[in-house]
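Structures given as structure tokens follow.
Both complexes shown next keep subunit A, but they swap its partner, so subunit B is in the first and subunit C is in the second.
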Partner chain A sequence: MLSSIKARQIRIAYLFLLPAIIVFTLGLIVPLANTFELSFNRLSMGSRWEDRDYVGADNYARMVDDAHVLSSVGVTLRFAAVVLAAELVIGMGLALLLEKPIKGAAIFRTIFILPLMVSPVAVGLIWRYLLDGRIGLVNHYLGLLGIPAQTWLGDPNLAFFSIVITDIWQWTPFIFIILLAGLQALPSEVLEASRIDGANWFQMTFLIKVPMLRSILLVTILMRLIDVFRALEVIFIMTFGGPGRSTQVLSLHIYKTAFTSQTLGYASTIAVVLMFLMLVLSLGLLLFSNPLKERADF
Partner chain B sequence: MSVLRSIRRANRSSLLQYAVLIALALIALGPIIVMFVTSFKTQVDIMSSDSMWVFQPTLDNYSHVLDNKFDLFLRNSVIVSLASTGLSLLVAGMAAYALARLEFPGRSPIAYFTLIIRMVPPAVLAIPIFILWLNWELFLFDLIDATPFLYELENPDPYLFAEGLIDGRVGLTLFYTALNLPFAVWLLIGFLRQIPTEIEEAAIVDGATQWQVFTRVIFPLMRPGLAVAAIFTFRISWNEFLLALVLTDRNTRTLPVGITLFLTEQGVQWGRIMAMGTLIVIPPLILTFVAARQIIAGMTAGAVKG
Partner chain C sequence: MRKRILAVALALSLLASLSASVMAQDAFDPYAPYRGDTIVVSWPSLYHFQQAATLIPQFEEETGINVEVDFLQYQAMKPAQEVELQKPRTGEYDVVAWVVFTKSEYVINGYLEPLANFFVDPALADPSYMPEDLVPAWVETGGVVGGTNAYLPGPTQALYGLPFGAETSILVYRADIFEEHDLAVPTTYDEMLSTAAYITENVDGVYGMTSRGAAGHQIVHGWLLHLSPYGGTIFDSSWEPVVTSPEAIASLHALKTIMDNSPPGVETYGFGDQANAFLQGDSAMYVDSHKVAAMTRDPNQSLVDGKVGYALHPKVGDAECGLSETGGFAMGIPSNSANQEAAFLFMQWMTSPRIDRELALIGGDPARISTLNDPEMQAMFPEYAVVVEQLECANPNWRPLIPEWGALNAPILGVYVSEFATGAMSAEEAMAQAAEEIRAEMDRAGYYGWSSMGM
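Showing the complex of A and B:
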């Protein structure tokens, strides 16, 4: 009797999961399995799936020596490091500065999340316009300060700097808002006790608040890192990886290998490697922030 | 005396805080305002450097954008966003309920798998999706070619029917749902945790089936969580560019793909881009002002607990 009730519950549970399993299978697992299989094949654009050539590990061997893959890994890591460092420092600084609850904070917070809601394509287009060498507002205002016009998106170093600035504009609010929420959720007894013990601002900030935010900081870093590895739309619109390969992040390199060079098999190989990198990051994220852990039975 | 001084000091520090906040708001809004302002400029005004904020506003860009298949792109975007949002909520709600409330073997691996799948980059998906969709089309056409009865049929045209099946919008709805599902499930599990189980138990005791408990008790109680999930799903589906670029054609293009048509070989039509950009940004903008609290709740859900 009891076991039949249990069996029924199990059946019901799987029925509730069925739609999700179907969507995941059709939408993610089948495509990813195809990517994996394709990474051992050669397939050019316009050919049919049946026409693929099995080449074993050739694609992987080729990738090891591929300077373009290495350079795009380098660009991705450099981009991730620079934007994360900048966004963390700025976001943390602002959160500490604006920590005190203040009248009208809600409206400001609303304004700050606007850059996050704007379509990445629109963000890319807006900044491409702002940074345009001839008609861009950035050069216009720098000109008023006596700084000569720059070709922001035409020079390798400046182009990299440009996509960094754009990312900072769009994503610092995300970090700021999370850290602000974290700061305001810190237990007030601890802060009160340290104040009574005579801790100064510096000690309060760097010896008490920041260490207490450690796990939030880690999660935020990992979430942003995963996003940086996934996203390519803003860069796609602003520079399409150029000039040269100065802004060609790995995602964009995969896209161009598949759809510009039209080598779908080789692109899949690079995609598999990117997936592996992301998997490591995600496992790290789970290690530090596991939404399932709160209930001991997971 | 010292009280007065501390009040004055407090005011000074709030004043500083407001000054910083206003400066930040200007930085956040600036580029969006520039887009809005530029959308009312002629190409000539955009190209001349002297008239940044002073110019004769025109609606030409908007009328050009609206005359160029904007309604088609808009319809496609609305269909795909609403369909994938609705589907995500239903599917994620059911999955979250099973994962948070029911006991079954494999629960833990499935839960972890759901969380990890969050990382899949769209660029990785774009390749197999492109091939699968293309082959699916060829397969259907082959099937019709090989079937004499279908091959000769003219009304209804089987090829048209096949094209309907491979409609890029169907694919986009599926892939957006799959991409959004992990976050939605993750979020809803968190919300379900805060709902006491006594209500469900009472309903079961009163003779309700599990499905009735879900639709009549849990789904309504989850509404705040569903609202947050809906906003994030809609935002992704409305804004997504890469998969839409790969999967749609002339007739199924969504707005973010449509706007890039103004990046032509002959030059960039900035005025029209900014006009269309403004129109694309309106729904998320409205959503932000209506539901800022929910958006912030969703953003902090993963990182800040309690």
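Showing the complex of A and C:
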């Protein structure tokens, strides 16, 4: 009797899971499998799926020698490293500053998370105009300080710097808000005990709070890492990868290969490599410290 | 008696209606079979097309054919069209406009109907249409496919589109600055480049020139404008890339000098930004599409109305004239349109001598020599006289309009021209690398298959 009830419950559980499984399969597994298959084929835009030509590992062989792919992997890794480091430091700093119930904290918190609510296309446009060499406000104010006008988006180094600043402006609030929630959820007993033991601010922050936030930090880094690798819209609008290849991240290169060069097969090959790269980085991070495993150990 | 009167009245009215219908048959109306039909037109939301759309009610009234226009931002238009054009059965669009470099791609994918199918039909083709009056360079660039090199006119050509919103390049300059500083209007590149440097140095707050400079399609367009008058091309006659030729390298250096004498940030300029630099009075010279002329007269976007002069695209050395670009848009009929005849009638009406002139009067771009040559129009639009003269020297081969152009343009040339322009590579180095990648792309596309047979 009991087992039949249990079997029924399991059946119902599967029934409830079914919509999610269908959506997951149609929305993720099938496109992924198609991308993987397409990476071994040649197919141009405008041709039908049935007209694809199987080319074996040609696309992969081509990619190994493709200077554009290598340079865009380099740009992506550099971009990811710089923005993640900066966003973590600034986000953590802001969270520590605003965790205490100081006067006006709610206003500051709201202001800080505003950039997160702006759509990436709007962010790209806003910063593009702010940094415009001719009419940009940034150059205008720098001019008031006697600093000569810079071609922010026209110089390879400054353009990279500009997309880094834009990403930091938009995404630091994300890290800030998660870390703030994490800090406020820390068990007060531990903090009180450390205070009674005479820990100073530095010790409390770096020896108690940060280690206790490790799981949250790791998940945040992982989410941002995936985001950074997907970053497309803002760079698309601000520089479209230029000047030269200085801001051509891998996702933008894939976009151009698919929709400008119209070579869907080769674009899929690079997309598969991007996926692989993200998988390796994510697994590496999880191996280093797996928040899910730690939770299971409790 | 009453009955008889009624019978006579009935007979008379029958006779009247019968004769009316016979008379109607006698008065030929090409639009009658399509009256009440609705055609859907895919146009870019650009000024010329928006002005053309204001004439649609007139078309509807004259013909009884209804027209719906699907306006899309011009870069978003092609993906939307592709969705419809790929449909194996009837697609949504009956008329599509395309940027000229899309024509071969659309034809090779079987998207477009040859216009000969309609021009041979006496019920459709208007004898007063005067196709020879359409600017030949624009017909060739926007509508001809399958001739020499697949995209130029030649014995094997076919016509798929009519020019609509087409353009060529001319020199537009600030007449007031030239007069004030006693400068001669440049006729050669050397003169233009030295005048640009002079203005940048000596005219306060004004740069000598403006240019497209953003990595990708924009900077390639900017460069090709100069490659053509310098006598360079992308390919030789056997599809070998010749972007390392002395002409190509010289034209790259010309581009660099132009960019060095343009407002700061030119490395990010697209067409709109470069035009704005001129319209806002920051640049004294502009060499690109003649469409900027109409923009200079628009008080909403221009501070230079009345201060502008027009001249021919400068030439290089002893050349007869500067080989200008031929670009812009053309329109044609999708193969999967269900209303092809009505669509043809619409295109024919829109590009007819009468409407071409009407459209020009409200700010559209004329496609006919008669409109451009009309003294009344030339008095109103001073650039027309220059455009007509320039079109004699327009070069439909200034850019290879092959289906693979998309893969060569922004992804390869767009990167290396930008690498050179921003100082990351030398011209020779950048073009050698570009040539290698272009050749690989052309090889993959099968351009060297026949020649490799050695027959």
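Quick note on the criterion: the second predicted complex is superposed on the first by the 265 of 298 C-alpha atoms of A that agree within 3 Å, B and C clash if a C-alpha of one lies under 4 Å from a C-alpha of the other, contacts with A are read in each partner's own complex, and residues count from 1 in each chain.
Quick note on the criterion: a residue touches a chain if its C-beta (ideal position, glycine included) is under 8 Å from a C-beta of that chain, and two chains touch if they have at least 3 such contacts.
Note that the coordinates shown come from a computational prediction; the quantities given were computed from them, not determined experimentally.
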item: Partner chain in contact with A:T260 - subunit B first, subunit C second, else both or neither; value: second
item: Subunit B versus subunit C as contact partner of A:V23, first or second or both or neither; value: first
item: Contacts of A:A106 with subunit B and subunit C, given as first, second, both or neither; value: first
item: More subunit A residues in contact [subunit B versus subunit C]; value: B
item: Subunit B versus subunit C as contact partner of A:I178, first or second or both or neither; value: first
item: First (subunit B), second (subunit C), both or neither touched by A:L96; value: neither
item: Partner chain(s) touched by A:G133 [first = subunit B, second = subunit C, both, neither]; value: second
item: Subunit B versus subunit C as contact partner of A:P156, first or second or both or neither; value: second
item: Which superposed partner A:G242 touches (first subunit B, second subunit C, both, neither); value: second
item: Touching partner for A:R230 - first (subunit B), second (subunit C), both, neither; value: first
item: Common ground on subunit A, meaning residues reached by subunit C in one complex and by subunit B in the other; value: 48, 128, 134, 259
item: Subunit C-touching residues of subunit A, taken from the complex the two chains share; value: 45-48, 67-68, 128, 132-134, 136, 139, 149-156, 239-246, 248, 256-257, 259-263
item: Residue ranges of subunit A in contact with subunit B within the complex; value: 6, 9-10, 12-14, 16-17, 19-20, 23-24, 26-28, 30-32, 34-35, 38, 43, 48-49, 94, 97-98, 100, 102, 104-106, 108-123, 125-130, 134-135, 137, 140, 169, 173-174, 177-178, 181-182, 185, 216, 219-220, 223, 226, 229-230, 232-233, 236-237, 251-252, 254-255, 258-259, 264, 267-268, 271, 274-275, 278-279, 281-283, 286, 289, 291-292, 294-295, 298
item: Of subunit B, residues touching subunit A in the complex; value: 13-14, 17-18, 20-21, 24-25, 27-29, 31-32, 34-35, 38, 46-47, 49, 52, 87, 90-92, 94-95, 97-99, 102-105, 107-108, 110-112, 114-132, 134-135, 138, 174-175, 177-179, 181, 185-186, 189-190, 193, 210, 214, 235, 238-239, 241-242, 246, 256, 259-260, 263, 268, 270, 273-274, 277, 280-281, 284-285, 287-289, 292-293, 295-296, 299-300, 302-306
item: In the complex with subunit A, residue positions of subunit C that touch it; value: 79, 82, 86, 105, 109, 111, 213-216, 219, 263-268, 277, 282, 406-407, 409-411, 414-416, 418-419, 421-422, 424-425, 433, 441
